[in-house]
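Listed below are the structures to be examined.
Okay, so chain A shows up in both of these, paired with chain B first and chain C after.
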Partner chain A sequence: MPEPAPALKRQSMTTRLLLAPGILWMALFLVLPILMIVYVSFWTQTTFNISPTPTLASWKAFFGSDTYTGALWTTLRLWLIILASTFIVGYPTALFVGLLVKSKTVSTVLLVICVIPFWTSFLIRVLAWRPMLGKEGAINIVLMKLHIISQPIEVLLFTELSVVIGMTQIYCVFMVGPIAFMLARIDRNIIEAARDLGAGFGRIFWKIIFPLSLPGVVVGAIFVSVMVLGEFATSAALSGRKVNLLGNIIVTQVGSLKWAMASVVGVILTVVMGIVIAGFLRIVDLKREL
Partner chain B sequence: MESRILKPVLALYVALFLLFLYGPFVVLTILSFQQGPEGGPQFPIIEWSTYWYRQLFGLTPPSRIAPLPFGDALIRSLVLALMTMVVSTVLGVMSAQAFRRRFRGASLVFYLIVLGMMVPGVLTGLGTSLLANNIIGIERHWYTTAFATHVAYTYPFAFLVMLAILNRFDDSVEEASWSLGVDPWTTFRKVTFPLIFPGVLSAMLFAFTLSLDEFPRTLFASGRDQTLPLAIYGTFAVEIHPNIFAFGVLTTLFSFALLSVYGILMALSVRRARRLAMQEDIA
Partner chain C sequence: MQPGPEDEVVVETAVFRIEGLTRRYGDLLALDNATLEAGANEYISFLGPSGSGKTTLLRVIAGFETPDAGRVIFQGRDVTNVPAHERGIGFVFQNFALFPHLTVMKNVAFGLTHGKSGLSAADIDRRCREMIDMVGLSGMEDRGVDQISGGQRQRVALARTLTLRPRLVLLDEPLGALDANLRGRMRNELRAIRERLGVTFLHVTGSESEALAMGDRVVVLDRGRLIQTGTPAEVYDHPASPDVAHFLNRFNMFDGKLSGGSFTGAFGTAPAPVATRSPRDVYAVRYDRMRVLPLSARTDRPTLKARYIASEYLGSSIMSFFDAEGHVVEVEHHLSLGAPETYETRQEYLLSWNPEKAIVFGREVQ
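Coming up: the complex of A and B.
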């Protein structure tokens, strides 16, 4: 093999030096912690402590308990529901912002308006749903004033429905953004051409617009999945502890110093996460879409 | 054409969407003007007042409801966000700069960095705590363990922003500088950095706001002293009073101020770039 030219050698040296701090940080504070969770999930749990004696006890306890496996199913169910609801709520908005609005300024302004609620603290945004959904909350008051209902709807707060409503509102913008971005990139001439050839809007939508926006949908789905799968605050605040996600189990286990069990749930969450993200990344190459 | 029907229908839909998006915040703002200290965090408004705002600043006589213990937590959060912002922006610029050249394992490194924004915070928080407790044997603090997890979260955002900026960067200006004999570091400082500065600002803004509001990572990793989101979470367990709503309104206004500063800096740097370009044209 020929020796690389000195200039090239210096370049690769620079590249290495530039990358080293970042790689080191991620290895130490991201990869190592995750490996640590896997490791600790096989440790022995005593009342207030853990010791490195290997055991499968916590794993057996997880799969032997309906509460824990139930949390896994609740997490998966809620994840699918939120994925669907954010898509349904978000897509038409993205269609309007990204494709139908002709002026670039108007569409930027609309996107900024969508992002503004994120300037309120996440936890306070969650909390704000309580006076919205409660028995004497804003929604019930408005609906009764409009004579649409005569009795306040009580299932709105402290149920699974309230968690779904809350999470949809908090996460739908992560769907709108990427989809609108992809829609804005569609060459209008293609749509014009299809229209000239006599295609109706439905046909144009299903054959051109929707397929071209799909990478945006996938990127949005990744964002939403990442956030919903690791959630625990919204479910804790809005379900009145009725909805227990994997995240909630981790928090309660750590709270009672059951680190080994928390780690088992952590490993399961990591695996679920890995499968979901790998699945989405098979559909779309994130690095190319940038 | 269908778009004549479709457009108004979708416009109406977007209006409803924005109502859904803003509804809770509007309600929150209204309720923050609830009468105090007897008024609760629900309708109806007994009497409009600024009691809860005054209470936040300690301007009300002591009552049954204790003021929010947010002072120290707020300062901690701001310092943490600043630290996180500086480190993750520096890391982000460095890595994105490296990615302008092809190198082996680029894909692997890319996904290693992006992993930071994909792993749920509750996991990084848990793992870092386990590592600190059981392997290294150090105490957890907001400025050590929590800081490490914050950077691992915000650095990918800074990196992606910088990558997008540098992808559209015109290499010829740097080459011109090199060919004039300017060393790479000076070239970066005098040529590259001013050109990518708008991107750096965005990366800083991302890192700062993400860190300021970061909750799940901090929950386990911060140890004894609370940051602001943890203090807010603490109020979840006990009874809620409208003071938390007043606080929410104020922090939102603070965010707006921050966004305005960002907007002004951005506009200034764009204008400067344009002026420089014009000077070049004249010369």
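Coming up: the complex of A and C.
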């Protein structure tokens, strides 16, 4: 077939031209830095100097220290807790916004309201929790005025709990959005059909609504996971530096110019994220569902 | 010649009855005092244009909507306030509303598995396989519903409803989403299924040919009211009002004036000894009762001068369109009656008909 060949060639040429900027960008600013980080993690670090002599010292230091491995477990534990809490708070919200609200306008307005906190900067949103949760903060004052408690609750701020509260509030909307989107796409007739076939609310939810919203849950979980696993600001600001995540370690190591150790933690974090995302993508075939 | 109550199909055992159903959406009266009775193993088609309230009627009967007034009686029980799933009435949705993440088998089994059937898993499996076999989908049990064709999805929707063995099945424009070929086949299969299971079908459609072909009885709806009920032949031959004649889409309709047993319209004056009372004076002639004559022809029948525009070949007949001073007149020629004549475009012809076969509506009925 001599005729289609030039057309095909032209098409593949156009495809390549269209792909080029993206590929170039990703190569320069994603692939190359990642390779660099992996490389640097094997460099030799002395107190005031770093040299490209290959060594496993930084890796051994990471896995030999309780502080560093402890940070890895804390990161994984907090990630799972935040994933659960954003799901528990986010799913009912999404159910209301995406499915129970009948008017499209109202549901759009509600989603916009969910996004309004993002109009202020990230750091302010985190720091705003301090006057809420502190010993003389809003929650303690209200509870004491109502005589529900006589002593202020001290575990509210500068504990792991405050980090969980803060992160749940900040990342919840990333769970709500994708789930609400999937729920809004469910044909209402399907739910009516299920009801007409005699299924009660619980059965309709578990057999119809939840499975159909699962791609949204997975997308939301990926968003939340990626952001929480790399977190350092919320944990620093709300735990009084008591909760150390992998992100906090990177910040400290970079701050003291310990590039090799920072690279080790960076590689570990990247691998963890890769495994988490691959795991989520195994649950649903997103290409088919979206 | 309006069909009186004595002409109506005699219903031995009324499976289902609605009395004075009324449903309002704000100012819009979607259903206005609808009353009807249906027997066992009956097939009733509701025919009406979109917005005539036919879907609302179906949804009220199914229990998805509550009427503002009136009652729904099903198998001798007032079910007006009974929730949809406790009524024992099946509903087949216009877009089928299949569960997209489940297989054919799981879709069909949904009602038995998750409802209050109380059947064992083995019984459910057997009953569903029987039903899938009956709608001709054997071997597709484990396919996803997005891996089958539109016609097959329609069958899954039907089987899903029929496994619960309802005595009454409501079909909301079930054939609308299918292509013409499949429509014809599904029509035959729906009839066969009904005869086998003895189910009463209520079928809503906007297509007059579907309504006439499928129904033992046709109910014509307009603006929320049931304006005519009868067998397809009764409705076709004796439309009760100009609106019914209009929905049937088989009549050339002329405005004019009925007076003293004759009708005066665009075609002059024609005798009209029999007429149906109606608030509008309308003269209706079926498409296939029109004859085309050369301009020079002499006849004592009513005639109308019209200019030939174009023809449409419909397989078993040819539809010719004529322009009578801005009014399009359609003439259907059945090919079984012989080869069609050919007409010259933009030439004038005389259109003529037997006045005894015309249907006349008017305020002044003798």
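A few notes on this one:
Note that in this section the second predicted complex is superposed on the first by the 280 of 290 C-alpha atoms of A that agree within 3 Å, B and C clash if a C-alpha of one lies under 4 Å from a C-alpha of the other, contacts with A are read in each partner's own complex, and residues count from 1 in each chain.
Everything that follows uses one rule, which is that contacts are C-beta pairs under 8 Å (C-beta built on N, C-alpha and C of every residue); 3 or more make two chains touch, one makes a residue touch a chain.
Because the structure is a prediction, the values reported are computed rather than measured.
Chain B and chain C, once both complexes are superposed via chain A, fit side by side. In the superposed model, A:32 makes contact with chain B only, not with chain C.
Between chain B and chain C, B contacts the larger number of chain A residues. In the superposition on chain A, contact of A:207 is made with chain C only, not with chain B.
In the superposed pair of complexes, A:173 makes contact with chain B only, with no contact to chain C.
Taking Cα centres throughout, chain A sits at the apex of an angle toward chain B and chain C that amounts to 80 degrees, reported as a multiple of 10. In the superposed model, A:70 makes contact with neither chain B nor chain C. By the touch criterion defined above, A:240 reaches neither chain B nor chain C. In the superposition on chain A, A:132 contacts chain B only, with no contact to chain C.
When the two structures are aligned on their common chain, the gap between the nearest CA atoms of chain B and chain C comes to 8 Å.
When the two complexes are superposed on chain A, the residues of chain A that touch both chain B and chain C are 200. Here chain C touches chain A in the complex through residues 62-64, 84-85, 90-91, 93-95, 97-101, 110-111, 114-117, 160-161, 164, going by the rule given at the top. Residues of chain A touching chain C in their complex: 187, 189-190, 192-200, 203, 207-208, 211-212.
Contact residues on chain A toward chain B in their complex (touch as defined above): 11-12, 14-15, 18-19, 21-23, 25-37, 40, 50, 52, 89, 92-93, 95-97, 100, 110, 113-114, 117, 119-125, 127-132, 134, 136-138, 141, 169, 172-173, 200-201, 222, 226-227, 229-230, 232-233, 236-237, 247, 250-251, 254, 259, 262-263, 266, 269-270, 273, 277, 286-287, 290. Chain B contributes residues 1-3, 6-7, 10-11, 13-14, 17-18, 20-25, 27-28, 31, 41-43, 91-92, 94-95, 97-98, 101, 103, 107, 109-110, 112-124, 126-131, 133-135, 148-149, 151-152, 155, 159-160, 163-164, 167, 184, 209, 213, 215-216, 219-220, 228-229, 232-233, 236, 240, 244-245, 247-248, 251-252, 255-256, 259 to its touches with chain A in the complex.
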